[in-house]
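The same chain A turns up in both complexes below, where it pairs with chain B and then with chain C.
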Partner chain A sequence: MVRVFHILLVSSALIMLTAGSVQAQETALPGDTASDVLDTVPPGPPCSLTVRDYLENSDFGDKIEIEWGLSPDDGSGAGDVTGYVLRRSLAEGEVGEKLDEITNGTTRYIDESVEPGTEYYYSLEAYDGANSSEPVLAGPVAGRANMFQWSRLPVLVLMVVFFAMVAWFTAAAGKGAKLFVRRIPGLNAIEEAVGRATEMGRPVLYVPGIGEIDNIMTIASLNILSHVAKITARYDTPLIVPTARAVVMSAAEEVVKQAYAEVGNPDAYNPDNIRYLSDAQFAFAGAVNGIMLREKPAANLYMGAFWAESLLLAETGFEAGAIQVAGTAMVSQLPFFVTACDFTLMGEELYAASAYLSREPKLLGGLKGSDWMKVVSIALIAAGIIARAVGLESFVAWFQTQ
Partner chain B sequence: MRRQFPLALCFIAGLFMAIQYFIPHPTVQNFYERLLIWLQTLLAFAFLLGTVSLVRIHYHKIKHRADDRGYSWVTLFALCLMIGLGFFSSAHHAQGSPFDMMFQNVQVPIEATMFSLLAFYVASAAFRAFRARTLESTLLLVAACIVMLGRVPIGDMIHSSIPTATRWILEVPNLAAKRGIMIGVGLGMMATSLKIILGIERAWMGGGD
Partner chain C sequence: MGTIIWTTIGAVLTLSVYSFLYKDNPFYKFAEHLVVGISAGYYLVIYYFNFIQPNVVAPVFLLRFGDEVIGFGSSTWWLALIPGLLGLLLYTRFFPKVGWIGRWSLGIYVGGYAGLSLSPTMQARVLNQISANALPLTSVTNVFLIVGLLGTLTYFFFSMKHKGVLGVMARVGIVFLMVGFGASFGYTVMSRVSLLIGRVGFLLQDWLHLL
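On to the complex of A and B.
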């Protein structure tokens, strides 16, 4: 019994002793160990430091690329390098102000805060948590703006190919080549709609969208307006053109006035029918709806850039019983027009309308060029799919622009 | 000259706008930004033309005692009131100023009302579009039902695959069709721009074909 008690006593003492040792280790403060106290050795400096104007993606001269060789104590040697401190100055020999701290193992940094044309000096030092190495200096270097954005080269190449096709077909059309253009029912319907309005003795409403004059859809719409105005001038049917932009109103006035003059019916032109309503989207929609309900046009033509007001206009026109033809390149609005209008020009058909209506050979050349460019695009898409499937990433990467 | 000068200006400006996309040099980019400022300035001046047109048309309606001249009175009164508040009330942009009060309490609610009408128009348009009269419209109806159910919690409660089918419809056939249209739109835009820059297309400037 005494022997057992003795064993227990000794075991308890040993356990307490062990526990005390563990506790002592846990409460030890940094610096109490020999290694913490004695680390006064700075790490080795970076092996090299190279600075140059950033050229990889062509910039505005506001980037400088910095590359260095790792410190001998980064990943090898003492292996205690925790990072690097990058400094920048405007004078040679100066260490300069701290620009950034970079994690260990990194060998490249892009300084995106430089003034184009200003010369800078850089210094880099390795850091181990307690000491810094000797700085390595480099410079001077200045950011220079590039004269060509090389990352956009594919765009330029495809643009030149496309323009060459358009030019070739335009020249061919000018020499009398017959160019086939498929039938576009929506455009054939415009003359029928104007004819119907004439028979009913009611006006034609032409809405050129709510885009500004710098929107290419608005320009395409003005081209179509010119043809529509000629038809209404020929039939002596009133043409109402409500606009949401003052410049578009001015341009529409010129287009309609000229069309009436060309047809030989300038007296039929009424400047009060080319109306500026409002820049505010829904105020414009409300005002156009008011025209539809009060002046009861027999044909509503919506051509141009439309946003949420598209359905407000088209549904009101449908309720008013007008024949409706719409055309827009706004993909999100196409379903609304398709639903509420009798005919809809989808996407590119809006841009094809002017050539289709006028049958001008030079304009038809542009259509043919677009068609052939679509063939090229489909071929490139197929090539891209195959290239990715077989791991030819360089081909895919060539088309990635910035 | 009346025709040649705008065409020459259009050619030079159009060519510059195309080229600047490829040149990141500050000289070119600064000029590009300056051109955009000029455009904004021109548009601001053109706003005056719009106001003159608005006043002229409604004045004519009142003068000729048109049937709906009551609306013209309201339009001209509102125009004069807002111009007056803008010019003669100090700090008209400040919150709580008469100008701001009119804008926030008249213009904004009216526009919101117009926008909210869209919900009813979508319902009436959908009702017409979803009539299963042909194979295409039947397909549209089925796709629409799946998409509508997949966008609300009850779709998942009916069957867990409905939201998955919705995603597939939106991300595969729908997106493919949209991208097809967008490629055509992009090429159409470029072709139209080229024709305008080169002066082949002139109808937009009132010059006929």
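On to the complex of A and C.
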């Protein structure tokens, strides 16, 4: 009997000691280190998780807003939550790959790495440095582009101003108003060059650049080509147009053919003179150089978008003794044309020439509109300078669109 | 052995092109025709595999590349027919009676691109320039920049004759432009000289092993 009582007493003591140890672990003081006290209790999960398309500001649908309620152990309860782990997946029920770690006390996160229109699922876990809570899941959600991007409001405002001016001037030109455009010196040179080629009985070479048809310089060049083709058709002078793009060749054919028909000399149009040479930049330059030396055009006209081939062409034309007129808005190539050609249409002069020659109301309207847009720009720069001087930085910042 | 042959071909073609500096000659003609012909074939293949195959052929027809089946799987495969058809219309130019139809494709292509580029152009070339040039007039550099900008803008103003104040401003603008062109010319000539050095290095080092 005494033996049984002794066993019960020892057992009770052992149970009490074990219970005391567990209690000691659970009531570990903040100063205790992980080495002497092991935390095995995970924190409570975040109270809620909400995901939605980011709507607060203009975006391209590449942002998703995530909000959650704090874990009961974040700032209260055990107070041991050190942060949250956010995961993202493409399939429902999957925890997904870790997207980011977020510090405790935070309740909002903007995911800026989403593909617009793709549906995502998110999960969020609270962690205390040793354990993570059960994940809270949310989704699906997809990023959608905002209907109106307020950050681009200045673009809209200036576009409206610009188009109003263009529309007004176009209408005025259409009604027969004489819109003044100053004469550009290089334009006289084009007619002189064609006249010289006619006198010498040699062809005119017109290079519309190596830009695609969607390049605005190529489009302006085709307008000038129309004018040149009318002169050559009138004088019955051969016109050679080498091209580097198949679509540009098609367009050049149409332009030249129509110009010859308008002048009343359609039989003089030679489709073999509108040539596709090569898409490769320097192969094209080499082939045009060959034309300059073998077919000996007396006038070389370079109008359009040019890159590194500009000096190769202009230098060979100079060596061949041709009169040369160039026109491009490629700032990096203008120095070479200015150096090696007799006349150069610089930058916007190329577009102005196109409008000046054709007197087409739409082109004139565009030219006059862009002219007055420059006045608006100068006024806005002046206003910006004054605004900066008086500390109104927000005025200048308004123009800094994303 | 293969390396020597290809290096020699490269060197001979390089010298053929440089022979143009003397005058037009059969060697230059050969090199010119070779590069034009090869580039035409090369770009045909590039355009097919980079544009036509992935954008038209693959979405419309069922194609298999190894284990990967591409094409016909997209619910919007029929959308590829629209640009495909517009591309085909360009070939109507070979038939004079219906050649005008090809202009539709050109019109859509040019108009679409022009419309798409309007907003970025306004942003990059007007708005950003305005904000970048609204500088405080607190340094000589800033004053210099703004005078140059106003002068250059005035030079490209076509609605009035360049007389009086406008003429003076335009003259200031052209001076700034020419200074800029001079600097750009010098910079580019230096880079072209480095290309020449690279080519001479190829001839003397890789081909003749003299360096």
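Here, the second predicted complex is superposed on the first by the 267 of 402 C-alpha atoms of A that agree within 3 Å, B and C clash if a C-alpha of one lies under 4 Å from a C-alpha of the other, contacts with A are read in each partner's own complex, and residues count from 1 in each chain.
Operating definition for what follows: a contact is a pair of C-beta atoms (placed from the backbone, for glycine too) under 8 Å apart; a residue touches a chain by one contact, two chains touch by 3 or more.
Bear in mind the structure is a predicted one, so any value in this text is a computation, not a measurement.
Engineer: For A:265, is the partner it touches chain B (first), chain C (second), both, or none of the two (neither)?
Structural biologist: Neither partner.
Engineer: Where does A:329 make contact in the superposed view: on chain B (first), on chain C (second), on both, or on neither?
Structural biologist: So A:329 only meets chain B here.
Engineer: Between chain B and chain C, whom does A:60 touch in the aligned arrangement: first, second, both, or neither?
Structural biologist: A:60: touches chain B, not chain C.
Engineer: On the A-aligned overlay, A:388 touches which partner chain: chain B = first, chain C = second, or both, or neither?
Structural biologist: A:388 contacts chain C only, not chain B.
Engineer: In the superposed arrangement, which partner chain does A:181 touch: chain B (first), chain C (second), both, or neither?
Structural biologist: In the superposition, A:181 touches chain C alone.
Engineer: Give one of first, second, both or neither to describe whether A:358 is in contact with chain B, with chain C, with both, or with none.
Structural biologist: A:358 sits against chain B, while chain C stays out of touch.
Engineer: Figure out whether A:132 sits in contact with chain B (first) or chain C (second), or with both, or with neither.
Structural biologist: neither
Engineer: Is A:283 touching the first partner chain B, the second partner chain C, both, or neither of them?
Structural biologist: The answer is both, since A:283 touches chain B and chain C.
Engineer: Of the partners chain B and chain C, which touch A:82 in the superposed model: first, second, both, neither?
Structural biologist: Touch status of A:82: no partner.
Engineer: Could you pull out which residues of chain A sit against chain B in one structure and against chain C in the other?
Structural biologist: 152, 155, 159, 162, 214, 216, 219, 247, 250-251, 254, 277, 279-280, 282-283, 286, 290, 294, 311, 331, 334, 336, 338-339, 346-348, 352, 367, 373-374, 377.
Engineer: In the complex, go through chain C and note every residue touching chain A.
Structural biologist: Those in contact with chain A are residues 17, 20, 23-24, 28-29, 31-32, 35-36, 38-40, 42-43, 90, 93, 102-103, 106, 109-110, 113-114, 117-119, 122-123, 126-131, 133-137, 146, 149-150, 153, 156-162, 177-178, 180-182, 184-185, 188, 192.
Engineer: How about chain B: which of its residues touch chain A in the complex?
Structural biologist: Listed in rising order, the residues are 18, 21-26, 29, 39, 42-43, 46-51, 53-54, 56-57, 60, 67-68, 71, 107, 110-111, 114-115, 117-118, 121-122, 124-126, 128-129, 178, 181-185, 187-196, 200-201, 203-209.
Engineer: Quick check: in the complex, which residue numbers of chain A touch chain C?
Structural biologist: Touch residues, chain A against chain C: 152, 154-155, 158-159, 162, 179-182, 184, 213-214, 216, 219, 247, 250-251, 253-254, 277-280, 282-284, 286-287, 289-290, 293-294, 311, 331-332, 334-336, 338-339, 346-349, 352, 356, 367-368, 371-375, 377-378, 380-381, 383-385, 387-389, 396-397, 399-401.
Engineer: Note which residues of chain A are touching chain B in the complex, please.
Structural biologist: For this pair, the touching residues of chain A are 58-61, 116, 145-149, 152, 155-156, 159, 162-163, 166, 170, 212, 214, 216, 219-220, 222-223, 226-227, 245-247, 249-251, 254-255, 257-259, 262, 272, 274-277, 279-283, 285-286, 290, 294, 308, 311-312, 314-315, 329, 331, 334, 336, 338-340, 346-348, 350-352, 354, 358, 360, 362-363, 366-367, 369-370, 373-374, 377.
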